[in-house]
């Protein structure tokens, strides 16, 4: 029986935990299997949860979030027969699969679309807490945008410095309005529950929003340019499906692997011009063949376009 | 660097951000002027936000949502009153408990009702308070300065913003010009004076706390059904505590409360507009811009505001016989 | 002269209050469609039913003891320190800097040094609000709230930009050197050949916390400084009359308070995670307020209240982990416990007093 | 007020119904029986005195009558009609007004706001304020009860605050006025004024109940007097048919000396020399305008004056804690050595180390920590004495030993040093403070209002101890608004007015009248005359206020 552990944000964080939950649900629907799931309550429980699951025979054990990395490094060797999968972090252990996403690539595509949809030449990005992971999104987005509009401007805001930053739609909305007042007409939200407020404000003001992690286009049909989907659900689904045959090592979920991408569905297809679609396709191909290199913020903690 | 449009937008944003603070601050003002400290503003707002969003979603009416928000907040007020007035318990503990209670109950009930991890579904249309245009706003829009101030700044907010603003003079008037206000102030300064005048201390304090509940209810409803479109867990994000700080800052006076909350709103709006302040030689990182309102509050407090003397009987239950 | 015997006030009242809180909690559990009996059983066995459960319960309790003592000491000087959260966070920074940058060969050496670092950083963070209160009259409740936010910002910055190892996704410091790892109580038990609480985070800091309770008791009720703190807390004119400087005592009391809050970092940062993570305090600073108030501002009360909250935290964690009951239920239970034992205690006490009084009258007659 | 019905039940047909008739009133606070089966009859149109030791239950009884406390049992009749007084509103409606021992005024309200509080008749304040202003003007003329209606209470002297309380009652058309220790805080002139008002009210047919510890007042003004002891009513007599000695004995249960027995002073070397002492408070008001005086070993210098003329500031300054934000200048010498008047070494701790003991005017907020136990209060201010330290810790056993001893010496009751200070009666609280300061054997004892609100048994005792301290060769600075006390205790009397010492007199050669004039700021033209009567060793350089500026 596989197991899934959510990070502190909780199962319904409007972000990758929720996406992970979606993947597990899909697996249940398709296979009719059952799985165990756990929500963390405190930092100290991480190890407790991993060990208890491992001891009760869960296999594989999937966890979302980089914060598990440290603990997993310690726990994995104690249970060589159990397979673990960790999302967003590389843990080098023989029984651990590390799933990493190339958020910068997906965001790059979103940036291209934003640039082409923007009439003002100014777009916005709103992140939750100012942490490296979110900079990955931000930097990819900015690169994509600048590749189309080198003279354009990307406005960047972070919501806060406490965990409340992920659950403050009011502040998110205000930040979006502030960016809009400075000319932004497309705003990309990578801020969990805060993002709901961002997208709402953007829709209220008649501008375009870009969702994150799961496909959020349905939130405001016609007002969502796209969503930068990060297929955590696929990662979880794959891991669950693989069962104890889960392959250790680093699994890169990139554009090519459809780990990341921009969502197009009936809610936003009217906004996608053929040129836009062409540009996105071209960029995809370029990234795939290496002619376009999207810089990963994590490589050196800097972003070339800022 | 600061063009007028941006300034207007900043103040506009400040107006929106201050509204929940102002409502909560006035709520605290009624409670604390009657001698009952209330650190449970946060919890009451949160509860109100949840019940307002839930009911607004279920009924499709923001107004019914508002009533539900008020009811939710009042329920917690009642508990606070029961604990700290009727049973003369510790007001701070009761406030702490209310914050915990709201934080847990909202999510618990939210999960039970919507299975969305404590969120409510997004509100649309009449389930939200929409911005209203003040009369003549369109006509005046072209007029320089006045147009800017009236049409862009003052007009176009939700009705709750105007209610909050009107509550300031109203509160002043109630406190200083009515029998209720006189007794309320007296009971916060020296409850024995009210008691020996033949007026019930308990009833007055319960009334004050009920008003506090109503105002927190409006504040919460504003957060969930006007500023945003639904409830998200912990969405008050510490605003109740900021309102408390503003209340002390304002020395428990309504006009000063307006000023204090506006200042907080403005500081936050400015921090929002300048996420990375580039001073030329150094760029202030976003973390510090986010903390700027708090840092400036401390500086202002240290530099310009003298000792704040709370209502003398504040925090103490009224006990005749020990 | 008292209305009822002391034992009744100290034991009976809180006991009945806790029972009431649990009764209401049971109703809440029923209301969300779960089985309260099963929930209670999960909580009790999960938190107290094994050395494993105890290991976690005591770990959380250790955190709460420190933050509870912090609130308590300030409260005796009539200062309401809501800043435990920020002070504890800064204490963590102190620990991290000491352990990462000083060559400390053994935990026995690392511990006192880290304690100094933790206390110093926590105290420093309390110093500014204290000084502003004493000198400028800036209300300490506001300034400490503000300093919580500022600490979070500072920590966010330091972890992301300064302490984070290059290439790490996690906004956390590097691991502390192995030599500085504190022995877990499991390890201590193992040296006596016992297996106790395998893989639980409770470590030697627990004993330090217990010692801290005792020292705080000495401080408040047995030393000159404690006497002066209590005088200032009761009456500022009285303090002046007695030649006690309110400025000095305000600052000292807050330094001690901040120091205690900072010391919490020994437990969670040095003892448990062995590196500094963002939001390491996890609200323990706020729980400290409840713990101190419920503990009636007495170190022994703080100890008991911290245990109770440790139990609720661990039991609730178990509940959330292994049942379908959402973790927020535990916050509700905590709220009810705080409400009934801390704020509605007179609801229980008044009828009890009447009962004892009439019993005494009958005895006299 | 409705006219009382004339049916009189079983009472003698000739007697009019009593204004108040209490029967079998009992009240317990937890285990404390404050009132035990009390009967009290107060005739209409009389002034009825109630006396009793601290804690005898006087205030409790009156609070019950006023609806502030609920009695456990007993009945109340007002003007012959049984009345169940459940709250103060009922009492007010029945025409009862009460001036509490501790005023129930809102400090930051104006006089007018305090007057109308609870009697606003109407939801809005404006009409009530206007009406009250008019009524106040009329009352002011009628009874010489002048107060500025727009002044804040905190700006008023206690005497004026009391007027506000009386006005409050009159505004509510009280027919029966209860005054709980009204003169405790008044100067003799103010007290006389109050009594004239009470006489006036009585002449109008109003009934007055007066609680006091001062037998002189009882004899002077009351028609009847009731005596309480330990919660019981022990006697009710016509004032004309009793004597102070008899009342004192009824009250305390033993014979009491009503006058201080004190031999002549034999002053030694100067202990305290004060020159040109000035103090300006944080609002820029000059509170002390250049004070000069000496006190010698073995003498008591009494400072008389209407409260608010700088005595408090003088005591606090000498005690080492002038008001926050004030500026001080001048010199003080203690046993010939200078004392710092500013800076960190001018604090109360340093003063105590130099041998200055201090019984503050306000025992409840300064002299005691009300929540502390008696033994903790015995160390208050002396907690850093070496004999109370044991290494890093305080030697609580040593403190408790001292506490037990002091409480024996001063006959503090109950003799339980573990009881919190707030559980002692006012008199016993005062004994705790006096014991603490006197037992330290200070070279100089500052003592303010030593017997305010204290019953006569305790007054006798405290006076005796002060004189003993003097006879042991110590210097004492006594500040009191009670002229009787000043006259009977002091060896020399200085009168303060408006931050200056107006003059100095010997008790044997002055009268209350003369002191009263000085206290009012009226100096005699020949100001050096009285000094001739002072023996040479008592003389010191005296300057006029003008010279000191």
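Read from first to last, the chains carry the letters A, B, C and D; within each, the first residue is number 1.
Rule of thumb we're sticking to: a contact is a pair of C-beta atoms (placed from the backbone, for glycine too) under 8 Å apart; a residue touches a chain by one contact, two chains touch by 3 or more.
To keep track of the chains, here are their UniProt names: B, C = ABC transporter permease; D = ABC transporter ATP-binding protein.
Small disclaimer: the values here were computed from a predicted structure and weren't measured.
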Any chain that touches chain D and chain A: B, C
Chain pair with the most C-beta contacts: B-C
Centre-of-Cα separation between chain C and chain A, whole angstrom: 36
CA centroid of chain B to CA centroid of chain D, Å: 46
Centre distance in Å when chain B and chain C are each reduced to the mean of their C-alpha atoms: 29
Chain C, residues touching no fewer than two other chains: 149, 152-153, 156-157, 160, 326, 330
Touching two or more other chains - residue numbers and ranges from chain B: 118, 238, 285, 287, 290-291
Shared interface positions of chain A, touching two or more other chains: 10, 130, 161-162
Residue numbers on chain D that touch chain C, as the complex places them: 30-32, 319-321, 347-352, 358, 360, 362, 365-372, 376, 379-381, 383-384, 389, 392-394, 396, 419, 423
Chain D partner contacts - residues on chain B that touch it in the complex: 176-183, 185-186, 189-190, 192-200, 312, 320-322
Residues of chain A that touch chain C when the two form their complex: 10, 38-39, 41-45, 47-49, 51-52, 66-67, 69-70, 88-89, 129-133, 161-163, 298-299, 301
Complex contacts: residues of chain A adjacent to chain B: 10-14, 18, 130, 155-162, 164, 167-175, 177-178, 181-182, 193, 196-197, 200, 219
Chain B-touching residues of chain D, taken from the complex the two chains share: 29-30, 66-69, 87-92, 98, 100, 104-109, 113-114, 116-120, 122-126, 128
